[in-house]
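Just passing along the structure, written as structure tokens.
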Amino acid sequence: MNTFGRLFRVTTFGESHGPAVGAVIDGCPPGIPLEAEDVARELRRRRPGQSALVTPRDEADEPQILSGVFEGATTGTPIAVVVWNREQRPQDYEALKDVYRPGHADYTYERKYGVRDWRGSGRASGRETLGRVAGGAVAKKVLAAFGMRIEAATVQVGEVAAREWNAGEIEKNPVRSADPAAAAAMAAAIERARAEKDSLGGIVEVRIIGAPAGLGDPVFDKLGARLGAALLSIGAVKGVEIGKGFALACMRGSESNDPLGPEGFTRNFAGGVLGGISTGCPITARIAVKPASSIGTPQRTVDRGGAPREISIGGRHDPCICPRIVPVAEAMAALVMVDAVLGQRALRPETIPPLG
Amino acid sequence: MNTFGRLFRVTTFGESHGPAVGAVIDGCPPGIPLEAEDVARELRRRRPGQSALVTPRDEADEPQILSGVFEGATTGTPIAVVVWNREQRPQDYEALKDVYRPGHADYTYERKYGVRDWRGSGRASGRETLGRVAGGAVAKKVLAAFGMRIEAATVQVGEVAAREWNAGEIEKNPVRSADPAAAAAMAAAIERARAEKDSLGGIVEVRIIGAPAGLGDPVFDKLGARLGAALLSIGAVKGVEIGKGFALACMRGSESNDPLGPEGFTRNFAGGVLGGISTGCPITARIAVKPASSIGTPQRTVDRGGAPREISIGGRHDPCICPRIVPVAEAMAALVMVDAVLGQRALRPETIPPLG
Amino acid sequence: MNTFGRLFRVTTFGESHGPAVGAVIDGCPPGIPLEAEDVARELRRRRPGQSALVTPRDEADEPQILSGVFEGATTGTPIAVVVWNREQRPQDYEALKDVYRPGHADYTYERKYGVRDWRGSGRASGRETLGRVAGGAVAKKVLAAFGMRIEAATVQVGEVAAREWNAGEIEKNPVRSADPAAAAAMAAAIERARAEKDSLGGIVEVRIIGAPAGLGDPVFDKLGARLGAALLSIGAVKGVEIGKGFALACMRGSESNDPLGPEGFTRNFAGGVLGGISTGCPITARIAVKPASSIGTPQRTVDRGGAPREISIGGRHDPCICPRIVPVAEAMAALVMVDAVLGQRALRPETIPPLG
Amino acid sequence: MNTFGRLFRVTTFGESHGPAVGAVIDGCPPGIPLEAEDVARELRRRRPGQSALVTPRDEADEPQILSGVFEGATTGTPIAVVVWNREQRPQDYEALKDVYRPGHADYTYERKYGVRDWRGSGRASGRETLGRVAGGAVAKKVLAAFGMRIEAATVQVGEVAAREWNAGEIEKNPVRSADPAAAAAMAAAIERARAEKDSLGGIVEVRIIGAPAGLGDPVFDKLGARLGAALLSIGAVKGVEIGKGFALACMRGSESNDPLGPEGFTRNFAGGVLGGISTGCPITARIAVKPASSIGTPQRTVDRGGAPREISIGGRHDPCICPRIVPVAEAMAALVMVDAVLGQRALRPETIPPLG
């Protein structure tokens, strides 16, 4: 399914080397100020070629809003956004059309569909995330109107981990780290991997600030479950944790339970979610990002006939995906939060601040 | 939303101290052999009082099938299962009705709904999982007919980690470990925590065996995202990873990409999922389980009026939830897999083995 | 799918001669006063044996609420309602198990599922509507809190049509006509059909009073489309019209367009819906109800082997279903309206009156 | 919600005087031959200016496929279709921006959303149906691969009713009647209404040929209910009936029950649906189409401030919408049928013919 959300729904489309990618955003409340630049700004953040650490491909990625906006604001009707694929060079991929790249979705797409659009990974390309980011750009405008915002940063690259969270630093360094000192070490590690025709994994953290208590559903749609689904749906993400996450496995209840004081919770190991519902504290999630699959190092694989092959993937590829996943993770978190806030408005509007 | 799934849907209901809990399973193919004992067997596995390590409450939990089964097999109509709550002792909870227990959903339910059924955590009780396990029991019968099965085990309790996976051992020890040596150490650690009026977290691993390649959807409903949502929707689960998960953050692409040989993948760091679609390898997921919230150790909190309180939670509670989460995790994984297999049957029935 | 609704969802289950039928109502706002008698009252209205005109079977149909209600009001968690089938006499149907009754779903269920629960039509029995009426009973309580109510009546039986709408009369006559004079003629027509071992069709009208303008969605979920789906999902309903409906085919635009004056619409040929959205006028729909399929008159059919058979269906059956469809139609309309009002609350809460 | 369908989903977007309208079609099986001309052919059928009977506006309406098709066939990924709005003349509507046109959605949109895109009815324009027809064009290709097809025709205009169904005639006359004699009388009636600055209603019939028995769901998603929702979601449609529909109100069971013979049903008053499931006979539905709302005759209304106004709507408008609703009704029926056939494939693939 290429649609995400219940009340605020985003449907994405597009292959990397087809004519265009895009999204239709449905269920957006009317009266939210929106212009193409709001979307363009977010798209630029996920764009390749922003620094030496990411792929130097030149993608202008100018979004065009086709519907749902009138006189500078949303109308309540679906907002279609389209981004044209300027670079359509399928011939670059001719050599790979009969071979399954390790770590990629080539093999599984073919098993699922019987056919595969082999031009630049087709729908499995990172360009698929443009539609998510477009949807997230609209979602962020809605969240802002409710007094909420989202921050995300790379908190680990290979063995290098950040030690502080200084949100103002994130956009100032190419790895999108909130810790300037760690940022330099991360960049060096990525450069090293690139020089060795290899790639590196990492961890990205997402923080949702300003969410009132009471968002999320108690059983199957726990806020953590919805966030988990949203974040695990991003290509290359293989793990997610809410609050202290896997570290809780080694804790005792007397350590992990967050105490409550007259002013609310006095600690936030729960990551802002208890019983699937927001506590009013910042909501925090971390995602495990696997090393980029496209590497120049030779790898063993097979072709469509099952014959062994060795391949080295040349061309322009990110050695570490974390910096570009940051805006995608923000977008997915934003979609979840808008859905949750609208759902709670349906249930008990008096618990949600008026749209500002 | 108390419904999970698209084509195979489970709707659960019930509070811990109301008359009953249960589930309605909709979208089950006709002709699957099913009797109450199939459900009862699974429910017994999540039942309290199975060993000294879990709460000694006596819950018979005999399921009654109210519909959807005729002459020993499913008919295609909804299967309602109800389990009566034999023990309704709300008075046990009178003392807690005005205070927010740390780590519990008391505070967030009240913020969300304005009211709260304080009798034994109400809907936020672990008894809510009975409906999941009932649905999972039906799902497992469907999976079996397609040649698939699910295994789950406790792989870590506090600092004690399992080192092997011997599926035949799991039901032989009270912690449900697949490693008999680790099982003894895990049990000792749990006993120690209990003696100290405290609790312990841990990790549970789920393995899906026999899934054909091609299951799952490529974008928002990646198989890992669906499994993640399913598992993170279980109370106390605060993290999930697919395959190598968070360990991938420290790897390089040349290490993490699974090579392909003529017989298929020669390694399975991806956990059986690439691009959101099953590869044909076992599908593996691990979940972080937080320490049980109910502990005898005194904790700081507030009452409904905001006044500080100290509480110690007495009574019968599991010091480590992992052993009882094992069957719940299996159930949730089973729901995801039946949905995926039916979805792929709609798309390309020729890729799915006939119901056996 | 046995679930209806988006935000306010009802999932029903149960076969006529299995242990029970029932419903799970999910998404109900908290704080709505509700007790079993609210559901029982509505169930009695659809019960057989209320008059000489309907089947004399004795079904007590006492509903039991299993969850979701605490201290006399809804809590926001799912409300499960179960009604036990007191009369399970499958032997009555032994003779029919290998033959397809004309006008019934015997043939189509078998083609769809490969199997069929032949005991009293199984899931295709009119008893399936108990779950709908239970859900509708809860929905009506929610609507009442928003200042809305629903009226329905039989407006035609065979050739006899009602000429007035006096809502106070509906429950005073066995056909549930709002026109006392027509009621007598309708009753006579039904008696005649019964005496001749035959059955009669008719028309039921539903009116929704008090709905604010702005409910419904403009494209696929037009309010008329949602009402149409809800009403056409009732067994035996083969047509639906909103406002003037089919009569509009013979009108001109200058006749059919409702004029607007300073106080709002000065006529309501549109049936309270324009562009899929409520106008603030009463919302009106009429449904075509086919003659009851079970008749004593001999009919030609075939058995499961394809051999010709003649059957006369004996036993206790309604010669005209309209009187008993009235509460079912109300229930379905109520489900649609609660969903619409909650949806609009999510979008623009300021347009919906506070829950009273 | 601007998405229709469960397994085969169409999401539409676009206002009449914005940059473009379009659709995203998701869930289409891979391997279905598809090119832009397949969509263009259907779009031409709903285009204005095809005859003297419909509005002479010139809309080229050339669709562009942005994704989901590779080497002439669907790939299983979402198919985005966009149609640019060549004529954007909002100034034509300046005069109407502060007045509510009777029979239009002006008033209700404003009540719902608080704002309204007044340029040519915005989202409530008939151009919204372009997305439906694009989706239907893809659906028809899928149906064809399953051996099914859809026919629709105008069967009544004002008082003029067709008497025969000769499918080969439909595209030969401007009213799209299957009865050439009636077609001439219908055309004359429409011309008369136009000359009198008025409009006419009518009835359109849809027939689905080749559907196997067993499609549809027995309770809330009865095939008739799904078709009803689909057809009632088309602007100007105010009624729907399946098979004999409202005529059943005046029948007796001995007349209305379709007998079964060794070769199947020997009559089809049920319109191919029993108990919500297809019987294997042609599935037939008829829809009531209201007279076009835009008429030159002066009408009483109010402006946004509530002051009385008289308006005459000039410009290019269809005096009878039936001819152009024909392809839209076919499209909606096609969407329902593809969804039903895929749903049944998930449940019991052996009952569905292989994709041809």
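Letters A, B, C and D mark the chains in the order given here, with residues in each chain numbered from 1 onward.
In the analysis below, contacts are C-beta pairs under 8 Å (C-beta built on N, C-alpha and C of every residue); 3 or more make two chains touch, one makes a residue touch a chain.
If you're wondering where the values come from, they're calculated on a predicted model, not measured in any experiment.
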item: Any chain in contact with chain C as well as chain D; value: A, B
item: Per Cα centroids, the chain farthest from chain D; value: B
item: For chain A paired with chain B, centre-to-centre distance based on mean C-alpha positions, whole Å; value: 26
item: Computed distance of Cα centres, chain C from chain A, in Å; value: 45
item: Rounded Å distance between chain B and chain C, as computed from the means of their C-alpha atoms; value: 38
item: Touching two or more other chains - residues of chain B; value: 1-3, 6, 12, 27, 30, 76-77, 112-114, 123, 218, 347-348
item: Contact set on chain D toward chain C in their complex; value: 1-4, 6, 12, 100, 102-105, 107-109, 111-114, 123-124, 128, 156, 158-159, 193, 198-203, 212-222, 224-226, 228-230, 232-233, 235, 237-262, 266, 270-271, 273-280, 288-295, 297, 299-302, 306-308, 344, 347-348, 351
item: Interfacial residue positions of chain A with respect to chain C in the complex; value: 6-7, 27, 29-30, 76-77, 218, 342-343, 345-350, 352, 354
item: Partner chain C, residues of chain B touching it in the complex; value: 1-3, 9, 11-15, 18-22, 24, 26-27, 30-31, 64-68, 70, 73, 75-80, 82, 112-117, 119, 122-123
